[in-house]
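Take a look at these structures.
In the two assemblies presented below, subunit A is common to both, partnered first by subunit B and then by subunit C.
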Partner chain A sequence: MTLSKKVVLLGHFGVGKTSLFRRFVDNEFSEEYKVTLGVQIKKKVVTLPDGRELSMIMWDTEGHSDSVEDTRKSYLLGSHSFIYVFDLTREETYKNLNKDLEYLRSNYKKVLIKVLGNKLDLVNEKNTTARLKELEIPFDVLTSAKTNKNVQDFLTNLAEEITV
Partner chain B sequence: MEEQDKLKLLKELLLTEEKEYADSIARKVEELSKIVHQKQELSYKVDPIIDDKLEEFVEEIPKTLGPTITEALKEEIKNSQDAVVEALFPIIGKMIKKYIAHEMRLLSENISRQTRKAFSFKSWFRRTKARAHGVTEGDLALSEYSKPRLIQMFVIEKDSGILITDYSPLSEGTIDKEMIAGMLTAIKSFVEDAFQGGDQNLELIEYELYTIHIQNFYSYYIAAVISGAYSMMFKEVLEDQILDFAQQHISRRELDNSSLFTKKLKKYFADDIV
Partner chain C sequence: MENYIEQLQFHQKTQVIKISQDGVILETDTSLFNWKKGNSIYEAHPFFEILRSFTEEPGEQSALNFPCIHLENDITDDERICDVSIVFQGKEITIILYDYTEKYNELNQFAQQKNESILLSKKLELKNKYLLEKEEFKNSFIANINHEIRTPLTSILGFIEVLEKTKLTFEQEELSRIIKRESKHLNALIDDMLDISKIESGTLKVVEERFSFGELIDGFKESYQKVAEENGIIFETQIDDAIQEYLIGDRTRVFQILNNVLNNAFKFTEEGKVSFSISKNYQRTNKLSLTFKIEDSGFGIQEENIPHLFDRFTRFDTDKQITGTGLGLAIVKNLVDLLNGEIKVSSTPEKGTTFIIKLPFKFEVTKKAATERKKKKYKLPAGKKKFRILVVEDEEITQYLVMKILISQGTFFVDIAINGEEAINYIERRTYDLVIMDLNVSKHDGFQTTHMIRNNYGDKYISEVPIIGFSGKADEHARDKCLRSGMDDFIAKPFEQEELLYKITKQIAKKAAD
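== the complex of A and B ==
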């Protein structure tokens, strides 16, 4: 039986969680925006450097409007990793990021949390990075689900990190 | 005789007939006015005519309006098929259900009659079993006919929804078991959260001919997909069997060694449950 890990995508409405989810699993992108209701689940099998296969069971949750605390708690239980996604073009999607991270870290101590700024194709990377630094917004990677920039590398690294 | 009197006399001689005619017309007008302005009178005169016309109209409708109405209805049904189906669905469903229940009752009675006539060890055993369970022999024979079967069994980690192991007595299907385990867990979590039932758990999902029996344990749950008649009797036997299996074979160590655990699960549930 393959190794399995649960990975949950979190973040505000419209930050591109489902687009990343589709990029991660099917390597597809669509301009059409459809609100996620509840949750959708897909599986991504990643081959680890040691040859083992990892089944990443990805849960794409419905976006929250204010705080990550609004996300249905039962969807977060038993997770091995959270991918917190924010929209680089909308400051309101990361203004509460530190508070949200604090909540997640204190309530899900064993879960590996990754922060991802999405829609890199719509902003100037240099300016945006400077702005995030100025606002003291921590992040692990900046991606574009549309152009696939940094998406697959992020997933491979996450798969390795999650199995350590 | 004065000139004026002569003229008057001449007038009378010439107009008497017209005057009488005019008077008769005035009388008739008055009578008609009475008929028209008095509902009862008018009704007395007009009702028989309307009745005749209506009768004629009713007789003529199928010939004259029938094809037009049929055509219009056909068009309307064609244009709004979804609405028609939606409206008819519950009615048809009830009718079918009623019909099937009636036919099943007849079949059950028929089977009971036939089994009473024939003697064999099997029928004697069934009769005894039926008495013990308080059901008719027919019902028992029917439940034997649509015997519940285990299609697939999943052992799933409760919080994460990660599949620990699964077993299916049938050949391997194309369905993704890990995603099923995840979705089942998401549905379970949603229902349990949405209805705020405290520590209550989702225990059953039904879809058409299948039933998913869910049995909850502390850190995992077992979901058994069953086809056929999922009766209370079957439920109890299945519950006992899962409990026995959990008690004898599931420990933390075994949950971690999934290949060994899978073998045990296969061995334990290889035979028919009931």
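== the complex of A and C ==
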């Protein structure tokens, strides 16, 4: 039987959730910014190292403008993982990150949370990493949906982690 | 409930689907999607996978609402944006899709515009920040590379001066003259690069200072008369006597403008003459405007080239023996603009070129303005035979050069410290008449070391010792920074032997007079 896990992309508007969603599912990228209203859902089937198949049901949600608490609660129901995406070029997309993570951790205790800084192609990685450390911003990976840097590896690792 | 669902089934924007607990479609209409009875709802769209978590682990929920769900029909490629209600009734589950595609698409347009404008302003902000960072990097790169080039150049020019004072054969003299000329050219090139970079970044500041206009012009007369004699051409000057001896303006930049244009006139004139005239354009209260006319009988410039004369890296001559960077006139034009002046050029090929430059100045209206200040001459105090100088410098060649120049005078003892810490050790052990302090030494830089000397000691032989800053970063800020940090003077690398000795003598003499 195919395993099925729900993964929800969260974060401010314009951080690149839809671009990552398209990279994850179809390995495509477009420069055009198209706002997401509500939620788009697609399935990505991943083969795990043990040969099993995992259906990752990816939910690309509408970006919030202030806090993750603004995201509709029904979208988060039954989730196995949250990918909190922020934009490395816009500090306002991660200044409330710690508060948002605290909210998610206390309300969705069983959900695996990953933090991803996107748009790596627009910044200097070394300086940005230092700046994030200075601001005490936790993150799991820095990616570029545009260049595909770290995107597929992140997805593979996530697939393994949520099936453990 | 039954009635409500029946009513909805007739609404064209609604679809009602009944499924079993294992996801098999039991009943459905096809108002929105052509899903078939008997098929699995999980195959219809991945959204419905959400049902697995409720059917596998049944909870207490009786109804759930999911607004604004994008549902695509893979076969027709049709996308609808629906609000989805899921109602749990015993072993049956009813799904109701409300199609609000039009309403959501309208909302989408507003959201798109709003978000786009915010993202655009952030993008512009980021671009601006990036450009500023790039500019900062470029400036610091140029400043650093300038320092790196000037340091060996200081040694080359300094050692040539030392070499020229030794007994040389005619051939050796000629070779040393070529090395000196080329080194000076390289130095001028670095100056040009720095100026262009400052002009571009807007960091070139106009300085208003009182200076001897007569002395400035006499300098041109003297040096270009020599060039004229060497080249076998005539140099004529005509200066309006009514021009004040002392003017207020940016002496350095005025010198640079006139020197560049005069230099070009001589460079491109093989026979005939170069004439240089200065006249008063107008004078009101404490302001005046001067017209500088530099006319040569040289190669001239083709008419079509004149509009490009002030572009960067422009050279029209094909004669490779005439050296130049192609930056000189671009700098002249920028400097004239910066000083609120104007520059015009007219030329006839094979007959010559005329540059007319108008520059504004101020002058002092008091009587003392006409007299005063020539470069004061200083002598080392008579009471002492030898003076002890500490040179704080980490570059071995510069150490050697300064030592060679000073020791050859026969009036100086020299100690060398290679960093700030060592300088402090020397200062504590010996009394010095003067310190030459490189600004970029390690373990306490020149500024920190000066601060320690000035503030940490009660002994005035230490705390009041004259200090001359020494650096390859030859901009106006370096001098100001040195004076503000407690140093008494500043020497830019590469330096001339005469300047080094003049400044050392001046500071020692001033200290002795105090």
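The definition used in the following text is that the second predicted complex is superposed on the first by the 164 of 164 C-alpha atoms of A that agree within 3 Å, B and C clash if a C-alpha of one lies under 4 Å from a C-alpha of the other, contacts with A are read in each partner's own complex, and residues count from 1 in each chain.
We take it that contacts are C-beta pairs under 8 Å (C-beta built on N, C-alpha and C of every residue); 3 or more make two chains touch, one makes a residue touch a chain.
Note that the structure is predicted; figures quoted are calculated from it, not measured.
Chemist: Once the two structures are overlaid on subunit A, check if subunit B and subunit C clash or fit side by side.
Modeler: clash
Chemist: With both structures placed on chain A, which of the two partners, subunit B or subunit C, ends up touching more residues of subunit A?
Modeler: Between subunit B and subunit C, C touches the greater number of residues in subunit A.
Chemist: Name the contact category of A:Leu77: first (subunit B only), second (subunit C only), both, or neither.
Modeler: The answer is both, since A:Leu77 touches subunit B and subunit C.
Chemist: By the touch definition at the top of the document, which applies to A:Ile57: first (subunit B), second (subunit C), both, or neither?
Modeler: both
Chemist: Quick one: classify A:Lys43 as touching subunit B (first), subunit C (second), both or neither.
Modeler: both
Chemist: Under the stated touch criterion, which partner chain does A:Ser4 make contact with: subunit B (first), subunit C (second), both, or neither?
Modeler: both
Chemist: Give one of first, second, both or neither to describe whether A:Ala130 is in contact with subunit B, with subunit C, with both, or with none.
Modeler: neither
Chemist: Residues on subunit A in contact with subunit B in one complex and with subunit C in the other?
Modeler: 4, 6, 38-39, 41-43, 55, 57, 72, 74-75, 77-78
Chemist: Which positions of subunit C touch subunit A when the two form their complex?
Modeler: 45-47, 49-50, 52-54, 64-70, 81, 104, 107-108, 111-112, 115-116, 118-119, 122, 126
Chemist: In their complex, what parts of subunit A are in touch with subunit B?
Modeler: My answer: residues 1, 4-6, 38-39, 41-43, 55, 57, 59, 72-75, 77-80.
Chemist: Under the touch definition given earlier, write down the residues of subunit B that touch subunit A in their complex.
Modeler: 157-163, 165, 176, 178-179, 182-183, 186, 189-190, 192-193, 258-259, 262
Chemist: Any idea which subunit A residues touch subunit C in the complex?
Modeler: So the residues of subunit A touching subunit C come out as 4, 6, 13-14, 33-35, 37-43, 55, 57, 62-63, 72, 74-75, 77-78, 89-90, 122.
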